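Labels A, B, C and D are assigned to the chains in the order they are written; within every chain, residues are numbered from 1.
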Amino acid sequence: MNLTNENHFMTQITATTKNPTQSPLQAEENTAREHYFGKYGGRYVPELLIPALDELEKAYTEAKQSPTFKKKLEQLLRDFGGRPTPLIYAENLSNHLGHAKIYLKNEGLLHTGAHKLNNAIGQALLTKQMGKTEVIAETGAGQHGLATAAICAKLNLRCKIFMGTLDIKRQYPNVYNMKLMGAEIIPVADGNCTLKDAVNAAMKYWIEHLATSHYLIGSALGPAPFPRIVRDFQAIIGTETRKTILEREKRLPSHVVACAGGGSNALGMFTAFLTDANVELIAVEAGGSDTTPGNHAARMLKPDIGIAQGYKSFFLQNPDGQLMDTHSISAGLDYPGIAPELAYFAEQGRIQFLRASDDDCLTGYKLLSLHEGIVPALETAHAISKLPHIVNHIKKNTQQEALIIVNLSGRGDKDLFIAAPHINPDDWTQFLKTHLPKT
Amino acid sequence: MSRPHSSNPITTNDIDKKLAAKTPKPLHLMTHIVAGYPSVEVNLQTALIMEKTGVDFIEVQIPFSDPLADGPTIMRANHRALAAGMTPEKSFTFIKTLSQTVSMPIIVMTYYNIPFKVGIDNFLSAATQAGVSGMIIPDIPYDATEPYLELIKNYPVYPIFVVSPQITSLRLKKIASIAQGFIYTTLRIGITGSKTTLPPESLDQFARLKQTLSIPIAAGFGLSAPEQLNSLIHHANIAVIGSKLLDIIENHPSNINGRKNALTDLETFLTECNQTILQSNKTPKSHP
Amino acid sequence: MNLTNENHFMTQITATTKNPTQSPLQAEENTAREHYFGKYGGRYVPELLIPALDELEKAYTEAKQSPTFKKKLEQLLRDFGGRPTPLIYAENLSNHLGHAKIYLKNEGLLHTGAHKLNNAIGQALLTKQMGKTEVIAETGAGQHGLATAAICAKLNLRCKIFMGTLDIKRQYPNVYNMKLMGAEIIPVADGNCTLKDAVNAAMKYWIEHLATSHYLIGSALGPAPFPRIVRDFQAIIGTETRKTILEREKRLPSHVVACAGGGSNALGMFTAFLTDANVELIAVEAGGSDTTPGNHAARMLKPDIGIAQGYKSFFLQNPDGQLMDTHSISAGLDYPGIAPELAYFAEQGRIQFLRASDDDCLTGYKLLSLHEGIVPALETAHAISKLPHIVNHIKKNTQQEALIIVNLSGRGDKDLFIAAPHINPDDWTQFLKTHLPKT
Amino acid sequence: MSRPHSSNPITTNDIDKKLAAKTPKPLHLMTHIVAGYPSVEVNLQTALIMEKTGVDFIEVQIPFSDPLADGPTIMRANHRALAAGMTPEKSFTFIKTLSQTVSMPIIVMTYYNIPFKVGIDNFLSAATQAGVSGMIIPDIPYDATEPYLELIKNYPVYPIFVVSPQITSLRLKKIASIAQGFIYTTLRIGITGSKTTLPPESLDQFARLKQTLSIPIAAGFGLSAPEQLNSLIHHANIAVIGSKLLDIIENHPSNINGRKNALTDLETFLTECNQTILQSNKTPKSHP
């Protein structure tokens, strides 16, 4: 356990993963190798996109070395985003579970309500730096779209959000807010009309508008250099957390927990702790309604390597290689692929994976609200819901009081329309009826 | 027009033969179908019409759930074929029948996850056995560290690369050194102004490609009317027609009458295309 | 203009109003005089309540001098609340309006989404200090209830929220979240079934449960010492703002703008600038649909002194002294009384009052969303909507570039059900219908 | 039982007279009505029943929109009276009629914003002219810096103060020094266990009040049954009955029959109350 290397992580945009099989990212030398995490990642895209990815990589490399970029990024993260986000001791929850001190890193207090903004700000600034005038983004739950629309309004970038028609229906509140902020919503009526299809549509649009558009990918996936860029822009979560916990507790956490959809909030939190060998890193996937294919989004249930949407990683796919339908109560975890870097660290055993079902999620959602006065996003609630399990496991195996940090990736406001019908169906229906115009 | 490919044990295949055919054709045609859409029966009927109307190459797409590089029409066709139960295995069964029925060289197009999941060697064997001459996998760049690019050398199937107008000279040169059959470039004409002449950017692109490549060039573009083909003559060797054909099929109600109408329309359209090309041969244009 | 007296305001809980006619609050000497602001304020309550108010006053006086209290307060404001909140330069809005640099103090990034939490945290800690185990609070829009429910969950205090039955219907999302956090909602079916009635009901409950309950009043009003306590706990807004703007701009603002319902966010922002004679302080009231009595909540339209709900101030009342119905599109500004301290400074001419109509409010709401990527609360939107007016006025009267700070008292998520039917009625109705259970 | 009030030019009024009446009554009764609820006509009928059944004081509330100190029943009555158009002016017109009809001293109860808005002197003159003997304004503590407390000295209307069991001795003493007629204390009995004996806390409260005050004590409490009055005898001078009476009126449908029933019920209830008090006089209880 190394308590003194926090300097290494002080500036998120230069934070790099020091893993034994991977040389550190060297800005000048864009070798194919650094597009991979072990065997995961890469650039599985039409040749058409290569120039744009190269351009992005170059811009990012320059940005990382540019004090101006760093300053602008820090300013926006602070003034627009509201960073640093707090790390709070969840005293009631800790007492409730016993044997562990639990801390929460509250990214839900960021502007637009989730960690997504960290990355959106970073990439929007890159867009400016590349001299592009338009940002496109895919969104499922709408949180990434919302973050993107917000920073585009702020930075005067034209903004197009690709969203499956099904998601537009389900997530209208976010659609409404994105439109208020001037974003154009591009409905995607292909496939299942959800996130995966929005990615395809955005990618296609990008191919046709490379000169003016930047595709602002929302999680640590897609073709290189996206996984690294997103990871780096999110790494500030872990950087802040590591610093603060050392100040407060004079020790590193024993466990760090995060939910994993695409993987950006998990990697954002974990990256600063990767070289702290004694810190256990736990990612929680969406177990959905059950383990039948199509009813969950747990890529790690039976890790199956595939190549789609521009990268190689674990995918939920059928034996023919077709990506499968997924289900989760939380729209943000409902995606068939996973960050290649998470796939790599899963393989290495550095990050463990747990699964929370839809019911678990609602339990976690209620648990945190009641004990800590924080209503979490349903995505985050997946991570929360595994705390009893994790603590029980620790109780059996160690004497020492555990120190657990959970990444509270977002706040729950956005989930009203999904959670309320579960928690309080009659009231909810009544309320909706009163808001329908009288006919 | 065939060239030696030192790295490949099979020196020529049907693609080369077709392009080197004695009857000089100012522009070859390659047309696209999605295996299983709307059904293999219609696929076969369509292919017969293609051959009959003078199409030179047929591109058969094995459907994939997430066809990243395809526009809405082709994407929909992929999803419908899958929904109707199409698989890679069934696709190859169909392709085998097809290759026994038509003489056009068959180019398979699919996304890398299909061979990756099925197994590259399995996939390439199946393709070989089905009589496939070329393979387009748009989401595997030439420098991807994947065994496919090595393994395909062991099969009589040409790897066809797709390049973009923005490609760097360095990458183009590297691709040129391993490409076989032809190189496929994407470009858009007909959007900007004139429908029958190429815009200056496209002319520059072709000039640049020709300078680097000794291999024939196929050009895919958003064709909407046969006379647009004129603009490609003397610039590309092959014109690729994709979405337009699916549009014709899709826009007819899927009952027997509708389908009959669709196939008739398809035939009319392709006939016009071929005639446009053949006529242009007689009335040479003033191109640089 | 005094640029160097910021030290005076560094610690919010000792911040006091230095106004010429009022001696500074002296903790030891509870004279009746200091229950007033000029002739406004006071303690117009049943004798029954006097002991509880005295107890509160004593506890607050002690708390102000207690380093432990101060430390706990600061910790909760930081870790639970997310303070400090950012001050952001609204560059697009500034360019759009011209002739002024506009900054926004974003209290919307506080936990639960509005400035209300500052006061809720402070008073909840006082509750603990008094050894009481229950907190009661009134709420209209639900923001104060939400803040109170959250901090009560965190501090293990029983929580009862009094809310008019009409407001419960209108503001179900907040009701839902309060319940999730363990609060009990007490429906108030008296009078108009809105905020004013909830105050009466809460006060009555308090009278009967003084020994165990603290009444956590949500704005700078009610009987003394509430107006001062709430003002002091909110004063951190202005304290932070003053410090930051001096760092950034090396000068004080020329204008500071805030919306005024009860008056807590306005006073929270203004207090630090009261002695800066050149800083113009502007409060914006709810002009409602028009100036007909009952159709607005603009107490300053024809300031009319009254005594109700425990204090003397300006009230919307009929000639018989009955409080009148009010209307505003924003539930948080829809109240017939106003902070006595605001009444005093209005009389003194130190604070100017403007009025924004419901339509203005929606214009301000869209303006900020579009230009700055921040969807404000409808309350805040009232303040935003007057910026063009204020800037035009400045253009006519001064050469110097103005420096305007707006208190962004809350974020807009809570207003979806109110704003969406105005902004996008068809989509909204469609969306609601898809969420009704199929019958 | 009347006492000199040095600060007040009028030394006795009907309140003092009533309390000093020759017929010894172990407990006086004060009952509450809200002017205009359900109507002044019913107010008058109610008052007549009260007088007939032996009630000693009548408390008339001038309705206010925000009656801070009142429970739900009285609050509702306030709102309904206002909704039906009741005003302070109409209230005084009614009170004048009332004072000419019944001989019970009339105590006006209202909230401070009414006199404040109408003008304190206007209000007190109106009250004087209407024959009011006392004035309860629960939201104006004795130390409020308001002219009311000075101005009332110029009128033959007693300021009645409401005190709480938790009041400090200092405040109680100060109130005692300016109070006239009686002092009103709130307490709750009948909730905890026995309905006919006071709980120890309440006994302590009364002891403390009596020690400080030489003025009579009125006790308001959540009375639900007449026998509960027994518990107040020897402790308080006046029992105040409020919500219970409004409950009786409110719980009947407001048609003619309903109202008749309501008034009959009211009469029955008040008769029982009075009898309880009068009987207790004959069977003395063992109180400390």
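Here is the rule we go by: a contact is a pair of C-beta atoms (placed from the backbone, for glycine too) under 8 Å apart; a residue touches a chain by one contact, two chains touch by 3 or more.
Computed from a predicted structure; not experimentally measured.
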(message) Just to be sure I understand the contacts, which chains border both chain C and chain A?
(response) none
(message) Using Cα averages as centroids, what's the distance between chain B and chain C in whole Å?
(response) 67
(request) Let me have the rounded angstrom distance from the C-alpha centre of chain C over to the C-alpha centre of chain D, please. (result) 38
(request) Could you grab the centroid distance between chain B and chain D? Build each centroid from C-alpha atoms only and quote it in angstrom. (result) 98
(request) Mind pulling the residue numbers of chain D that touch at least two other chains? (result) none
(message) Two or more other chains touching the same residue: where does that happen in chain C?
(response) none
(request) Would you identify the shape of the chain contact graph, picking one of line, ring, star, complete or other? (result) line
(request) Going by the contact rule at the top, pick out the chain C residues touching chain A in the complex. (result) 78-82, 85-89, 92, 106, 109-111, 113, 149-154, 156, 169, 172-173, 176-177, 179-182, 365-366, 369-375, 412-414, 416-417, 420-421, 423-425, 427-429, 431-437
(request) Please name which positions on chain A make contact with chain B in the complex. (result) 32, 36, 42-52, 54, 190-191, 196, 200, 203-204, 207, 210, 305-310, 315, 317, 319-323
(request) Note which residues of chain D are touching chain C in the complex, please. (result) 64-72, 75-76, 79, 82, 87-89, 111-114, 116-118, 138-145, 161-164, 166-168, 171, 175, 186
